[in-house]
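In what follows, subunit A forms one complex with subunit B and a second complex with subunit C.
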Partner chain A sequence: MAATTTSIPAQPIEIGADPSVRRRQRIAGFGRAGLFLSLIIAIIALIVLLLDITNKIGGMVVYGYKIDPLTIVPSIPLEELTEPELLQIAKDNVPPDRQAAMPEEMGMPLDEMSKDDLINTIYNETPNPDTLTARPLETLADQELVAVLDNNITDARFNQLNSEQPFETRSREELIELIESEVLLESVVKTWPLFESLFSRPAIEEQIRRDFPDSDSEFRWWLTPQFILNDLTTRPETTGIRTAILGSILMVMTTIAIAVPVGVAAGIYLEEFAGKSRLNSIIQTNIYNLSGVPSILYGMLGLAIFVRALGALTSGAAFGIPDPPPNGRTIISASLTMALLILPLIIINTQEAIKAVPQSLRDGSLALGATKWQTVWNHVLPVAAPGMLTGIILGTARAIGETAPLIVVGAAAYITSDPRGPFSSFTVLPMQIYSWASLPGETFRNIAAAAIVVLLVIVILFNLTAIILRNRLRKSL
Partner chain B sequence: MAVLTPQAPAVAQTRERISLKKKPRLGESLIKGFLFVCGFISVFTTIGIVLVLATEALVFFTAPEVTLVKFFTDTIWAPEAGRVGILPLVTATLVTSAIAMMIALPIGLSAAIFLSEYASPKARGYLKPILELLAGIPTVVYGFFAVSFMTPLLKGIFGADVVEFYNMASAGLVMGIMIVPIVASMSEDALSAVPRGLREASFGLGATRLETSLKVVVPAAVSGIAAAVIVGISRAFGETMIVALAAGAGPNFTLNPFKAAETMTGHIARISGGDLSYDSIDYTSIFAVGLMLFFMTLTLNMISRWFVRRYREVY
Partner chain C sequence: MTETPSTVAVPSIKAFAKTVASADGIAPSEALENKLLADKLSMFYGNFRALAEVTFPAYDKKITAIIGPSGCGKSTLLRSFNRMNDTVPGTHIEGRITLDGEDIYAPDVDAVAVRRRVGMVFQKPNPFAKSIYDNIAFGIKLYNPRMPKTELDGRVEAALKSASVWDDVKDKMKQPGTALSGGQQQRLCIARTIAVAPEVILMDEPCSALDPVSTLKIEELMTELKKEFTILIVTHNMQQAARVSDFTAMMMMRPDRAGEMVEFDETETIFTKPKVKFTEDYVTGRFG
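Entry: the complex of A and B
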């Protein structure tokens, strides 16, 4: 031991007078503070991570339109206006230097022009003469709003919207919102982080007034019930993660259905049935090594075997599934891959749980004449169940959050249809986070953060359950 | 004895009638067979991984433009252009992992020493679950954190012209945070396993708690700690999401941590995430990279297991 080699100075020490004692104690104090500090750093890292994500799930935003609203609303032909009205429009819109030049070029100032001259001047001297008399969206009647919508989107989309909720039953505000999102392609052009928006809102509003005088702005949350329930779309303002959540749920449930029976059975075999043969020790070593294989390599296994070699089976084509996907990049391939990935975790936890079962239980059962399997099934497993459950929960949490193998196996980055069963193409929550986080643009960060909150809540709930369950078990044993 | 003696003949009679040989039980054997198959699936998984990586990599290495010498010495990775040097991918993996370990080793080990040697059982009860929560956060979340927090922070500190948008430092630092709980919890297990007697002997000789921890307990647990560090390195090698999001999207032979460079895992993720034709050299090349990665992590894991076994023999 190192303790025996670190020798204490041989010269006699006068107790309490040795100056080195105080120095050593001071060092010990610093050392303790340093050790504690490193733990604090780890905790601060966790807090900063959570704050950074929170900071992006809401905040002030400025909206801009891709299309000028004035170009889509009905406008009154200039000919129908009266002369004073035309004069007013001309005075408001013809640039002042041109107005001053009018007497020279046209022979008279604006005030003296006839109606036709005014119309001509307006057409010649203003940049967008057609929008001058456009009526703002807010002044239109409901019927006219629907007409605007009908004129500017495809018939299919119009009918789809109508069947979701008939236009007659929608309120004015809803209709205007629809026009803004469907026709004007309203989008967020600038965002501010949550905390800045909360604590220095006046400064932000001042900046908005200066830089975006005509734009709408508001405080908005990116994590909303709509975000969780909506379809995936390419626009961060309206997209949702329902498809990804359903994909995650279906994929994880299939994974658990495959991995739990196999993993538990393997754990039982290794603890209760396996002798000390060479084969069994190879299996055991192998399981430990598997738990250290990078997850992306499981993805490559899945790609080569489940997606490519067994493509006919995993796409469902071999089972006569109507309208099968073109390749094996389906939920079942992902689940099989993920099952192999979490298998070592489940096996090792099952083994630990079975090891903790007192030997006397087995002996008692065997002595009463029960067979080996009866003993395991009736006595060992019920006692080991909570411990095995811990492993299953941890495995589930891992499967929910794992991304790398699914990229390789082929989770879609963008898909609009919900998964219908094990043989459909799919996307999962972490995959969406990855694809949004890798896109440029503030708003993609915002929705990635919102999706992360959903993912973290699920994963942390699972992990907490496992931690609490395990701590209870430790106390009861 | 006196009570039992009259019964003795009865036992002898029963022995004649009942055979105590193990009965062949079909159900039991079937169940045992099923359990064995399940146990063996893990071996199939390993064989599968090795076989898949090896066969596809073989296709890659038999391509006319690929030689083993070029694979290990060329400094440009662009398989479709005939340049197949894996060095840029390997150096990027090594740089990000080294940065990660520079964070994870001191913080993880210190946290483990504090938890094992200083913290009261009550404090440990609160602190350990926090570390476990840190360990349970999906890596894609860390990847997001690297892009959205660490990269801007580094740009702010070192200057936007020095630090590229994608850079290895950001990915490495965040990966370090991710590995802290792994190193901490494994080291803590090793430290807790050191017998109390050693500590008490050290205290008895007048050593402070710090001296006892650093000069007695840590050396006694050094093989377990080494195992923890190696597992940490192996995690860093295999980590994908953080480097895929933050380290860069193109192979780059550089040791400058503020430059973008793609790691082995990041490369596999990017190539396989796109539309991939099964006949292309891109497809077979990622399996060659995967094989390389597999051997690197397998070696580390075996060394770590060897350390743990050695350390178990001490007590």
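Entry: the complex of A and C
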């Protein structure tokens, strides 16, 4: 029996009774649980982020006017009213204590006054005598509505609105809406978050009835087709981000057009043609370092070089474009800066993709008598292309979401004209989000959230395009 | 050649080699023409000498096998013949390699031009990441970029037929070359090589990644190809060297780790009455 207790037991240990296995499996279990937990934390963080944004893109709102509607509508002159009508107005509007004092001061109560006395009393004793006979907007005829509009906005704006759609062809409701938004500056005075609005609507409506008895209220989305298509304005209710969307897209396209050819070419050269020298390893190290430089530094660089030193070029003045901007704060400056920012990313990913191509493919091509160039072009690049696209995807996503360098390089926070080319002043979505998020007022948070969603969708669309392209390339191999 | 490698026991190699050689009708007195010649070839990786004054010929339209233990420089020697070593930084040679009497390392000779005349098949099948058709067409188009489609089709088909892989691939020319089996891939690579009409084909252990059936097919193919091409083959498989080659070069590693040529002779002689003890020990499997 002693033999069975030596280091190599003759009898195998009973399965299920090996303490060492159980201990090792327990450690493996902990390890696995730890990995899973990390994943859960990441997913929860993402979901919370998305919910927080979603919560702001819609919800119950209460509207109020910045301007009292009664001050802009035409009113009936008091002289045209009859005596009983004037008496009624006086009784309704002259403060009771003043009414009581009338017999003493004027020698008679309101009831006995003549028409002229009533008119004088109304003028003297009420705060806004003109609005007392004001005709509500709803009672006005179409021409009168147009006249109200004409009297209260600038001629330029009036003509602009007319050229968008002639007033004669607009319906009554449209005209009233126009007056509400253009003249009365109808604005949201209180908002509720989306989920609260969806799940406890009766409570909110009750609160609205209590606190804002006369105001309009509704459930509204902040992310609407108008929000995407409209010009930028100062009012969150009617503003749009078309200019910023176009700016972002134009800037990213220009950035890609600059950074991808340069980055891919540099990556190919470093990996396939440069060979191994001390200089090359220094360059290599610095490319890795550059990819970690804070983006604001690229902004400073862009400001110094592209905006200031090369201002004549980046404003387009040197190319004789008509009506150039006064400085280099243009899309091309921003794109050049962004291109510098994402170049290391693209170079490194290109190199990694090329490194992953088996040497045997190159050998096979060279052995047929192909030149190095033919080998790289025909066999290395097609195989490396999907990997290189990964770098381009990362670079694009980075360029489209980056804000700090653009603040320095000079994206405008408020601009209403669409970018027309690389030499236009511009704004971009992250810039808008940043400027809205820093403004006071709940509604600016709402439109910032809506703009974030738009930005996310654009990033996803760009990435989706690249991923589809990548899968196609993979398939064609 | 009806026996498969697995049935050939090592002690019977000598007898086996004899039958193969005599069947091919090689007589020692036959007039042989030098196709490739390594002349006191030394090869360096930086300061390390990988080959030491190797001298041996590869005769025209014959198969020459290079055998020897691992690390003795067989592959390095083979890759010198089409200047593939040029792609490794820091290599240089001393001595000469001539192709039809012309020094392929002469200053005015482009390695790319050498490789057109001296093709190579690698140890691991390495079809391009392209369709079967394009695998073959790539090489042809290198030299005839504007060849009409019909002529190109003909050349591709001819190359695939010469490499006896046409029947395997004729219905799937658009499929990727990597989708074929290992043996088919290797024959595709041979087809790719002969499509550009080289004069010499270098084979670096072409069957080491293949099963015996595929190996046999490639060996049969080599015997066929020998009618048109000069073939050099590096192999670890003694039976393969005995079966397919006309001449054999025996290499070994010297104490300073440089590879040197021990013996070069007709395959039959190497396997039956080698002059050097090392060769005899090696081919009979006593070591190595």
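Throughout what follows, the second predicted complex is superposed on the first by the 400 of 477 C-alpha atoms of A that agree within 3 Å, B and C clash if a C-alpha of one lies under 4 Å from a C-alpha of the other, contacts with A are read in each partner's own complex, and residues count from 1 in each chain.
One rule holds in what follows: contacts are C-beta pairs under 8 Å (C-beta built on N, C-alpha and C of every residue); 3 or more make two chains touch, one makes a residue touch a chain.
On a predicted model such as this, the values are computed, not experimentally measured, just so you know.
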item: Which of subunit B and subunit C A:Ala141 touches, first, second, both or neither; value: neither
item: First, second, both or neither for A:Ala437, with subunit B first and subunit C second; value: first
item: Partner chain(s) touched by A:Asp363 [first = subunit B, second = subunit C, both, neither]; value: second
item: Touched partner set for A:Thr371, first subunit B, second subunit C, both or neither; value: both
item: Subunit B or subunit C, by number of subunit A residues touched; value: B
item: Which of subunit B and subunit C A:Ala274 touches, first, second, both or neither; value: first
item: Touched partner set for A:Ala156, first subunit B, second subunit C, both or neither; value: neither
item: Set intersection of subunit A contacts, subunit C complex versus subunit B complex; value: 371
item: Contact set on subunit B toward subunit A in their complex; value: 25, 27-28, 31-32, 34-36, 38-43, 45-46, 48-49, 52-53, 56, 106-108, 110-111, 113-115, 118, 125, 127, 129-134, 136-145, 147-149, 177, 180-181, 184, 198, 201-202, 205-206, 208-211, 213-216, 219-220, 231, 234, 237-241, 244-245, 265, 268-269, 272-273, 278, 286-287, 290, 293-294, 297-298, 300-302, 304-305
item: Contacting residues of subunit A [partner subunit B, same complex]; value: 1-3, 6, 8, 24-25, 27-28, 31-32, 34-39, 41-43, 45-46, 48-49, 52-53, 56, 261-263, 265-266, 268-270, 273-274, 280, 282-283, 285-290, 292-301, 303-305, 308, 340, 343-344, 347, 371-373, 397, 400-404, 407-408, 410, 413, 430, 433-434, 437-438, 445, 448-449, 452, 455-456, 459-460, 462-464, 467, 471
item: Of subunit C, residues touching subunit A in the complex; value: 82, 84, 87, 89, 112-113, 115-116, 119-120, 122, 124, 126-130, 138-139, 142-143, 176, 189, 192-193, 196
item: Residue numbers on subunit A that touch subunit C, as the complex places them; value: 275-276, 358, 360-371, 374, 378-379, 382-383, 477
